[in-house]
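Pasting the structures here.
In the two complexes below, chain A is the common chain; its partner is chain B in one and chain C in the other.
Presenting the complex of A and B:
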């Protein structure tokens, strides 16, 4: 083969390999993994109104799990929810709404009235932050335990063993991030950063930009 | 000499462009899920007894939730999948569609078998108790609820209308939105079967 052809071929291959390597190392585009489908549900909220997974389709939703009789660190989780809610203006979300849903694992005691009082005590804006549960305990266990993969167990003495955390779900109903309670940096900072990453991906979900974002998924360019 | 170099570079770029066109990465029409664990392995009742999702390991499995009285969305989706499979030739043998009926009151296994057979001979319909269906539907992200209807059917069931594709190992790979075409489904299935 002509040596010019060979040299040219090597150069082009080299550029492609370096470009792929650079994409992986420098991660010019970051994404959150599409982990699994968020469970579907039909809860009752703090006002006695139904809240379904379909109602929140098209929105980013941050879920947390608690029960109103839960001692600290449950309350710190509510602190994080409050902080994320109050700092949403720092993130460019475009026109994508964000909702917050706190699921109680204690439907016996956490009636809508109790959840309403709990939410008011936290100063929650009920238009954006809902407190929900269902009296169907078997389904609640399926949704929280298997769907959101958040462990809890009724200890039978008024307390629950609960592994507190947050789950971030995108507008397609796909779980994009899970946060266990203890992290090295503030949960709120991380959650806000991830909301920005998600919004950027949605805003670039058509045409050539979509290909670049799919490449980022392919190269596992996951946002820390 | 310069002309030779320029022609060589042009030929290489043209060759790469042609090569990229024919060997470009597949762009899925469904949303790709990177699930680190296999999908929930349910066991429900089919026409010949229990049917488990894991019975179909080794095949690409399409899962859809619907019911036989469904007026338009379910038959439209099932017809699309059937058309996609018919266009795939023998490759379709490695694809299994399972419809989970959300209407156990009216959809007996026998009725489901008859209904599914109208679309494609390989399609399977399964159902279960309300408790079983609540669990399976929730874990596959399917919201459903019974709504009253003035029509002859008595009631309807509102439900999430996504079609899901699991790879040969049982990991969820794709979620198709409602409205995906048969050609788009066939393109994605053929790519999944090559992997």
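Presenting the complex of A and C:
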């Protein structure tokens, strides 16, 4: 009797171990990592209206960083933002809204009026794509530098050192992806694919399926 | 019906038990370190093209060095290379005590290593990949960093230093 119990126990352990390996190798579910909390902020947008991090809870938000006086050839974040915005229909998002926020690191020159004109020039839909900044420079540096981990520095001659990049935040205010300098694939393609992965997780991870999604987090099954 | 048990010498059995216990201990230690204490091994952070990473103006490694992203928080973009000479760019960095530095290290040619003495930073630098690790420097002093992967005849002179001022 004892022998059968023991054999049964070994079989169960074996199946669990093999299942865990199979899960890791075949990755039936892929997720985006929960990197860290997105910073809280209180910005002024292109219409002079306040925009806080709480306003955008429950939405996927794609952040980008720039300043309108960036001289050519400036790393052009707006191309990628425009492409993502126009191709958003390709992704199955369910009913989850997506917002775009472009943060200017140059509040002296990028007043709401300047940002408004810049946005219009890019053909941005201001209900979905906002251009924001704050005149509190210490706060701006903390939000962008410490919160979004994006480096910028005023060079003093009207130019800024700025590391180009995008940050994707989910509806709970957790940073799920960062897009830094890379030569692998077009940023827009990756961002669109990641939005789909996020939407799938939010819609499907209920009940028992939630355990499978948590397993994907535990086994680091991250979408490329 | 009698089943004959295989004879195992008691010394051998004891060794087998000790090995099994060690495996369980290590698995527990790794699990606690990874999930409980949140210790992470340096992981590939992003992919870059080693042929252009040092020259592309959009690449942070075209202008390697220390950047203050927020008060007391730094990013160090370090390029390890064997051509034209074996060196790290930059070779020297100075930060105040208490700073937290995220190292982003990549190579423009062959495989290198990166070890900062008196810290737990020690990782491979692989062309095409970026290795990232964050270290907080609380004690003032000089922390030398050296290449730990044999990368050619100049391997021995490949070093640099981080000065932590009080």
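In this section, the second predicted complex is superposed on the first by the 204 of 224 C-alpha atoms of A that agree within 3 Å, B and C clash if a C-alpha of one lies under 4 Å from a C-alpha of the other, contacts with A are read in each partner's own complex, and residues count from 1 in each chain.
Quick note on the criterion: contacts are C-beta pairs under 8 Å (C-beta built on N, C-alpha and C of every residue); 3 or more make two chains touch, one makes a residue touch a chain.
As the structure is a prediction and not an experimental result, all values here were calculated from the model.
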(request) Look at A:36 in the shared chain and tell me whether it touches chain B only, chain C only, both, or neither; answer first, second, both or neither. (result) first
(request) Between chain B and chain C, pick out the one touching the greater number of residues of chain A. (result) B
(request) Check the residue A:53 against both partner chains and state whether it touches chain B (first), chain C (second), both, or neither. (result) first
(request) Could you say whether A:163 touches chain B, chain C, both of them, or neither, answering first, second, both or neither? (result) second
(message) Quick check on the superposed pair: does A:146 touch chain B, chain C, both, or neither? Answer first, second, both or neither.
(response) both
(request) Take the contacts of chain A with chain B and those with chain C, and give the residues found in both. (result) 142, 146
(message) Looking at the complex, which residues from chain C come into contact with chain A?
(response) 45-49, 52-53, 56-60, 67-71, 73, 75, 102
(message) List the residues on chain A that touch chain B in their complex, please.
(response) 2, 4-5, 8-9, 12, 33-42, 52-54, 136, 138-139, 142-143, 146-147, 172-174, 211, 214, 217-218
(request) Provide the residue numbers of chain B that touch chain A in the complex, in ascending order. (result) 4-5, 8-9, 11-13, 16, 25, 27-28, 31-37, 40, 131, 134-135, 137-145, 160, 164, 172, 175
(message) Under the stated contact criterion, what part of chain A meets chain C in this complex?
(response) 73, 75, 141-142, 145-146, 149-151, 153, 161, 163-164, 180-184
